[in-house]
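Shown next, in structure tokens, is the structure this report addresses.
Naming follows writing order (A, B, C and D), and every chain is counted from residue 1.
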């Protein structure tokens, strides 16, 4: 993202930029944490409002809190626009769009009736939680997991293709075997059942009744139980490998006298000839 | 498979062979992708037809689409037969049989009534999806997973034997303990329950009611929870190991005298004949 | 087990011993496989008899088959006793007891009525299936898995203790929170529920209804989801390690000329100086 | 914990301290095991009392047993106070508080009616079970698992944050899609459902009914099935790594000049002061 402060910006503006957009200063970190708390609390308000008992008793209060948070987010959004060098490029960035959409639902609720669907957008703001991973220790760890997943992306795709093919073929088989009277009313529904079974979720809302169906289901379960080993193996192997490479235990220097490599990170003398490094 | 183009084939025929059967040319890749899209869409048509609401409204249209795809697949099948050197050996190969069977159901539906069962064959065509793994990056990854599974096949067999023995013994126990009045109406059904439980699917269509039954079920669940570690461990270890072996530990040369491969990276003499490499 | 053929045994007896008790001869392997098939078929007979529809129609036939197998097993048992040097030590060994008990149920059914419980013993004979792992390739693999589990036994015990403590503490909490009216009628039943939940089986026969109960259940599920990583990690690490140690890729000799180590298992010449090893 | 015996304590007191608080003597180990047995039995008593059938028949006996154990624990608690150098610091330590609270419920039941909730505290005493891991072989193993988990704590936090965000976002979506008439009566309940699904528990008390809901649920299940690979991978890699680091890469000597430990296996000079080892 090309989000940077205006070049010939005033002092105040540059300082504000660092606080709002970056987290390498103390003020910037506090801002991030305060924002995170506000997001969590606003999401919690949305949740509580959806509970009938609580809505009936604390409805007006909750809506007031909601408006307060919306106000805060509007101010934050405007500040971001004011402080950034290219407001439009921020506004069109994924986070910018989420920031904007997070304000809409409360306002839209005044006009529209079916604003229920906008609720989801509000919770999407939670994605900002991942900003916190920019702080300190987390950078490396988050990147580690992501890079392990990224390095395994082709293996994961092969895996997912196998899973989907399996689920479609067995789902169709079950539709033919069990049929509508046992809950397998259509192929898509049978595939849904196959996914529920293969992933070992097993709601039990649909379950095979005939002997043949139960046999095929048993095969699918054993397969699901065994197949889970594959993604786990992929990620484990990747992480073991990535971990091995990531270990910065040794200095990147060789002894200038005997050329010995692999000195401890905190070594001051060569382990082979005793020369000062 | 001995599927190759006719030796003294015409130019056109050889070109067509490369497009239809291979994927090392641009045209061949496009053909593969188009075929894949056609398969996915035809499977989707089959699925939608099985949904009553959609069938009622779009029945005729869906059947038309079905016929169109069947036409396409007939043409593709005939082209394959025409282009290949030994049509019979293609027709009898697994993919050839699937290609043929994929055409049958739509045609058979005109004559037979119980062609419902032929639906499954149609979805089997999905197996062609795995052809895409021949493209580019996937070759290595797919082979990697397969070779890891292959290298672990004896371990997996030992594992599966243990699982099946466990499931039969505990299934029989539950049949004796719980009996028909609690849903465990026969030993096969009790074994089905044991598989549902061991694999942690847990539909809940059958579940133990007596104290003894629930205790035994608890043991089975803990076992299932622990046993899952075994296939995962097998595949993880294999993949870590396979990755380790894939590292260039060996020279990429063979001895010019005895053709022995796999020399140490730092070897200067052949391990088999002692000749200078 | 001190099961060996009589020392000054007749030729015939020694040959019979090798066939019946060992599997390093072709005849011995055939005997093992035939026995295995008989066991599998007899277990299948027991299963089919428990299905009401089949029992009603093929009852007499199945019972005949049962008697035939029992006859076979009696003969086998007597032969084992006749051929072995110390019949008593065989008869009292675990496999000997199972062999004996496997005959009892069919005979006992003539006298006793409640012989239903003896069914379980019959299926226990399945444990003989594991004898097949003595054949060929399986020896190493089975031992590999067992040794990995054995090496991890303390870690697994720590793991199981944690699981049981967790399940008892949270089970008691749920009993207090939800109470009998929501299905948590006693602490043992609540613990049963906790096991069903932690192992991610989730029958749904008992499930929390109150908000507090569902919150605690959520915590338990996330815990269960995370805890599964521990046994998997234990076994994976063990197998990777065991695999690394088990690899006998290199010869245990050094070159007598240049002292170079790590020669290929099949190397005849030193990779460094080309000298004959 | 600053729990040590009185400095100028009498012989008897010091001996008692070693028996009660430590487990490096035979008497101390026996005391630990006896205590553990008492705890397990008392927890079992609590469990049995909660079963109506057993309570009705053996109520008075069970309550007598309960009083006996409470008496034992009171004596143990007083002994601990008497023997330790700083009774207050013991009494306020986590284990001290649990020891105290474990006595309260039985006594409180005489006065209060709603002492039901105190049951949970009684089972918390089970945490003392982990003391047994101080004995022998277990120390290393328990520490190994804990250190592997500790080293992975940031990765686990990133993982949990992802899981919670996912669950909240998808839970809200399902609330909007399915609505109250299909069981998704509030956002918290929908989130509970999302956790039940993602962790593959799948009770089936709430399950999607609409096509859109079932599709989203399928996505969540596949995600849950794949996501489980991440914690497993983390712990596996950590354990493999921890195992790798535990191998004797380092010399078992410290520098005789500067006492620096952890010298390379082949080091001849100290890495800190350059002295000859």
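In the analysis below, contacts are C-beta pairs under 8 Å (C-beta built on N, C-alpha and C of every residue); 3 or more make two chains touch, one makes a residue touch a chain.
This structure is a prediction, so every number in the text was calculated from the model and none was measured.
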Note, CA centroid farthest from chain D's centroid sits on chain B
Using the touch rule from the top, work out which pair, A-C or A-D, shares more C-beta pairs. A-D
So, what's the distance in Å between the C-alpha centres of chain D and chain C? 30
Approximately how many whole Å separate the CA-defined centres of chain A and chain D? 28
Mind checking the centre-to-centre distance between chain A and chain C? Centres are C-alpha means, answer in whole Å. 41
At which residue positions does chain C touch at least two other chains? 188, 191, 200-204, 228, 232, 234, 236, 240
Residue numbers on chain D that touch chain B, as the complex places them: 200-204, 232, 236, 240
In the complex, chain D touches chain C at residues 43, 46-47, 50-52, 116-117, 119-120, 122-124, 126-127, 129-130, 132-133, 137-138, 141-142, 144-145, 148-149, 156, 160, 163, 188-189, 191-192, 195-196, 198-205, 228, 231-232, 234-236, 238-240, 242-243
Touching chain B in the complex: which residues of chain A? 154-155, 157-159, 161-162, 165, 168-169, 172-173, 175-176, 185-188, 191, 197, 200-204, 207, 211, 214-215, 217-218, 221-222, 224-226, 228-230, 232-234, 236-237, 240-241
